[in-house]
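Note that chain A is present in both complexes that follow, paired respectively with chain B and with chain C.
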Partner chain A sequence: MKPALPVLLACLSLVGRVALAQSGSLIVPATIEAGSAFSIQCGGSGQATLYISGPGQLIKRDVQLGGSTWFPAGSLGNAGHYVVFLSSSSASESGSMDVLPAEKPADLTFIAKPSRLPVALHGAITGAVYVFDSYRNLINKPKSVSFELSNPSSPTQTHVVQTRYGAAWTQMDSSPHEGKDQFVARVENVSSTRIVSQVPGDPCSLKMYAKPAGKKVQLQTDPVRDCSGNAVPDGTIVTFTESYDNSKSTVDVPLKRGVASIEMPAHPGATLSVASGVVLGNQIRWNQ
Partner chain B sequence: MKSLNSLILAASFGASIAAIGADRPAVRTDQPVVRVEPSNLQGPRELQQQTAKAAIQDYLDSWAVLGSAMSQNQPELLEKDFIGEAQDKLAATIKQQQINGVRTVYQDKSHDVKIVFYSPDGLSIELTDTVQYDEQLFDHDKAIGSARVRTRYLVVLTPTEVRWRVRIFQAQPE
Partner chain C sequence: MIRGPLLAISIAAATVALIVIGTIWPFASAAAYASGEHFGGSSSTPEGAVQGLGDEIRAQAWDRAYSSLANKTEFSEAQFRRDLTSAYPDLLTYASLNSFEVRPEHATATEADVQFIMQWSTVVGPSEVSRDLHLVKNSSQWQVEWPIQKVPIVPPQVIPVNYLRWDVIYRTAGDDWGAQDVEAPHVRIVNMHPVQRAEGLVLLGELLNEDVVPAYVSVSATLLSKDQKPIDTEASFDKISHQLLPKQVTPFLIRFPNVSLSEVGSVRMNPFSTLVSASADPVIEIENEKLNPAPDASLTGQLTNQSGQIANVAHVLGTFYDKSGQVVWVGDQYVDHALLPQTPVSFNIHIPEDLARKVSSERTVVSTFSFGGSE
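And then the complex of A and B:
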């Protein structure tokens, strides 16, 4: 039996270590808010090394056992799960703690799409936000996000959305009038602004008139507008067509100062028509 | 299609199926078990199954990269799978490990993944992952301790040239 005694003592020593690890002499806060001060209590006596380890951060500190080790505000800013190891010459213990994002939003990631689009489209503008605290932790507790789309000539559209898992999104209509809209996302006193350019849509209708110009006929459109009354941008192509005696000639003319104008040969009995994109204008029969 | 067929998705991750189906080829025993829950997305954009599958696979791959980077103290390894905030924070941790002569071995054991948000612009996918992993800490190659961790990660992925990369990687209590 004699040889068994050292083995037994060694086992008791091992049990002692395990018991110490489970004895609760290492007292770690279960949760703290990111960046807040905290302390860890280490029982026993002598010197040890304390490690707070997680993918988000690592802290290593020499500590005196038998007291509290104080970590000032800002020591642990990255939200996440941390394992706390206490290692001394005689024992090793571990615990764990969670660092939660701070309650107060400090930053937003705001993506608005598209940055340029035609007026008067339903649900065509989207905005998505992620809400962060001052340590760039995603705040996963629900927060109210206010989305506002405004310009001087249209009523402001406002949607209030609760974040879910730190994210929120919305859809807005583009306004009836061209211009640069401000798209603002706001959480508490934090906001982020994007500019959404709204440009006129396609022509709504086309009307032209004709008048003699020597041996030619001059064709000119009225100012071309979209269905919301915005002037269609210069450069938009307007197509004039003249049909006579089974022949047809077509001319593409860009809008200039809101109108398109062209001179075409004056053939008595010719049919003159105008179009832009899918929009057809009026027809004129030239009898002079 | 706003909900994903979890079974079909799970079938693409060999580790989980290997545990269930005997007719599959053997896989490494240290591969994590992966379970993908059906998504319940609210939003205007449909999440195609192929997109979801790619994002989840890239996310799972990122754990292997995280493990290598942390155990070898090589922050440059992170670049393949992490970007932005996540990469910066993980790289900072590795720098702290280097300064202190510490390295950490992370080995993921299981994942329970659920996609919770697909942004309307298609530029981000957010998922939750209830993960179990083993963490082992070494100080100048001396084993300090180990722990089995179970926690839930909030993860935001963004598309890059060829793969989804992790932009936000944050654990929170379940």
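And then the complex of A and C:
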């Protein structure tokens, strides 16, 4: 039976247009706010049936002609264009109205990218916000969105952006200090928070020292830090290389407690070097 | 209607015929295996004795192989078996001897030396193992003196390991679509170079995990013609170390069979990375890396497990550079023995003869797999 309903409404619309032209007794508000109460006035006398049809919603109400029909708050929530039909035994009429998103924001969808990035990068964090009312309608009137990126050890970055067609976006710099930054988007009293993890960058001035350990040589780095002074996280691979005669020994060692340490065979005259990723450290010539 | 019974009769007749043929003219190895006798090779010659031993190893008839040896009093049957199939689970544990080759080297009336080359079929492809065998003649029979390589046994002990591990919790289906998920690791191709080979085009390069989290990586590439039409898309498959810890670099090699470099206008590289749970252990030291010149150019060295965890399978990848630092080749080898703590295991990566002269330096990485645990 349901597929027949749009056909019925279309027919009613056609008939209604004719009837409206004749009588004009159906008075429908041109616009209402989503979720607000409203009334529709129906002239004439007797009983009729009122239909309101719009995006994802249909209301059918038996009405007494010659008065106002009251629809309480929350009757129409979805924003969009609605068609109103009045059908009685003697005539049919129709009108239309627009349901607009509510003025008051109730919800934000906040997309922050990336969730993890190195420190001290310019414009590397992006935040995009979509502003919705309490019925999940996109509020397309301009709203001021405040973006704030903060952590305890750096000054807060704040950008205020007006929404356009319900959306606003901004770019932020990552701070020079590692940590978990709070990225907050706020519209009036509605806010949404994302966490942006700022991690140390590539090791800077990688340095190791060597000391004898029995028949071996122990190689250990100084605490490994990036160029902003942040400790490079444990697990980062440091490659030690020992070159001697025409041979070479290498070992990839993860940082533990900020340093990488390994014992390698002691070959007199060997050249010892250290690297991490594409960053090279110092070289030592082993003469013991 | 007649077809069904006719087919049944034909199958029955063929089955009977095959049984008769198999009974009258049995396959030598099968007959020996069924009767409990020695396999086909005759012990009247050194080559025949090794042939027989090879057949017995291939049939996993360990007791008969062991009993045929001249020096069996020096070790037990279990040690002989462990020498061939490993004491700890590794590639050879799940391998079978596909074929073998016997190369006589030297012989007198009572002694002989023979090279015995075994081709094992493993889960990652063929693995060649060579043994130099000494044979002695006892009365009229030649017997093999098996060069036992006693597998070191790790003594029972507790090794405290303060290892690092990363675990990942992903977003769930119930999360809001705007909610964050964990960020995929940031990886970067730091080197890429095409090489024309007889079999086709090969793309060589290196991939860096520049993030602070472990990554599962792979690389695929699409060749585009000069008018920007795709020619072929291939991936690195196992010619890459798939797990990269932070700041670790892996080489990769992508083969495009039957494609010529002159056809290619450009290449679209597609590095892929995803977050994985991973452990920073075991740490493997690569010792005594040595570039051996042609002929038989190779990179040799030893792997030593610095950790307490046994690494069951190790995959060694060598990146070879010319004098200008350009990658000229990527080679690899799966090590068929488990890496026990502090026990060196050799590796040998073949370098193509025509490229060996260009190789000036190398870089070796190793990835390991532990049964019952993560990589």
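Just so we're on the same page, the second predicted complex is superposed on the first by the 266 of 288 C-alpha atoms of A that agree within 3 Å, B and C clash if a C-alpha of one lies under 4 Å from a C-alpha of the other, contacts with A are read in each partner's own complex, and residues count from 1 in each chain.
Operating definition for what follows: a residue touches a chain if its C-beta (ideal position, glycine included) is under 8 Å from a C-beta of that chain, and two chains touch if they have at least 3 such contacts.
Just so you know, these numbers come straight off a predicted model, no measurement behind them.
Visitor: Let me test your reading of the model: by the given contact rule, A:200 touches which partner, first (chain B), second (chain C), both or neither?
Guide: second
Visitor: With both complexes superposed on chain A, which partner does A:81 reach: first (chain B), second (chain C), both or neither?
Guide: A:81 contacts chain B only, not chain C.
Visitor: So in the superposed three-chain picture, is A:103 touching just chain B, just chain C, both, or none of them (first/second/both/neither)?
Guide: Neither partner.
Visitor: By the touch definition at the top of the document, which applies to A:235: first (chain B), second (chain C), both, or neither?
Guide: second
Visitor: Check whether A:253 is in contact with chain B, with chain C, with both or with neither, and answer first, second, both or neither.
Guide: second
Visitor: Using the superposition on chain A described above, determine whether A:111 touches chain B (first), chain C (second), both, or neither.
Guide: Both partners.
Visitor: Please identify the positions on chain A that touch both chain B and chain C, taking each partner from its own complex.
Guide: 111, 130
Visitor: Would you tell me which residues of chain C are touching chain A in their complex?
Guide: Going through chain C, the ones touching chain A are 162, 164, 166, 176-178, 180-183, 190, 208-214, 245-249, 280-281, 283-291, 301, 306, 362-365.
Visitor: What part of chain B is in contact with chain A in the complex they form?
Guide: Against chain A, chain B makes touches at 42-44, 66, 70, 85, 89-90, 92-93, 96-97, 100, 102, 104, 106, 116-117, 119-121, 123-124, 126, 128, 135, 137, 139, 144-145, 147, 149, 151, 154, 156, 168-173.
Visitor: Name, in rising order, each residue of chain A that touches chain C in their complex.
Guide: 109-112, 114-117, 130, 192, 194-195, 199-200, 202-203, 232-238, 246-254, 256, 262, 264-265, 276-279
Visitor: In their complex, what parts of chain A are in touch with chain B?
Guide: So the residues of chain A touching chain B come out as 31, 49, 51, 53-60, 78-81, 83, 85, 87, 92-94, 96, 98, 100-101, 111, 113, 123, 126-128, 130, 136-138, 140, 164-167, 169, 171.
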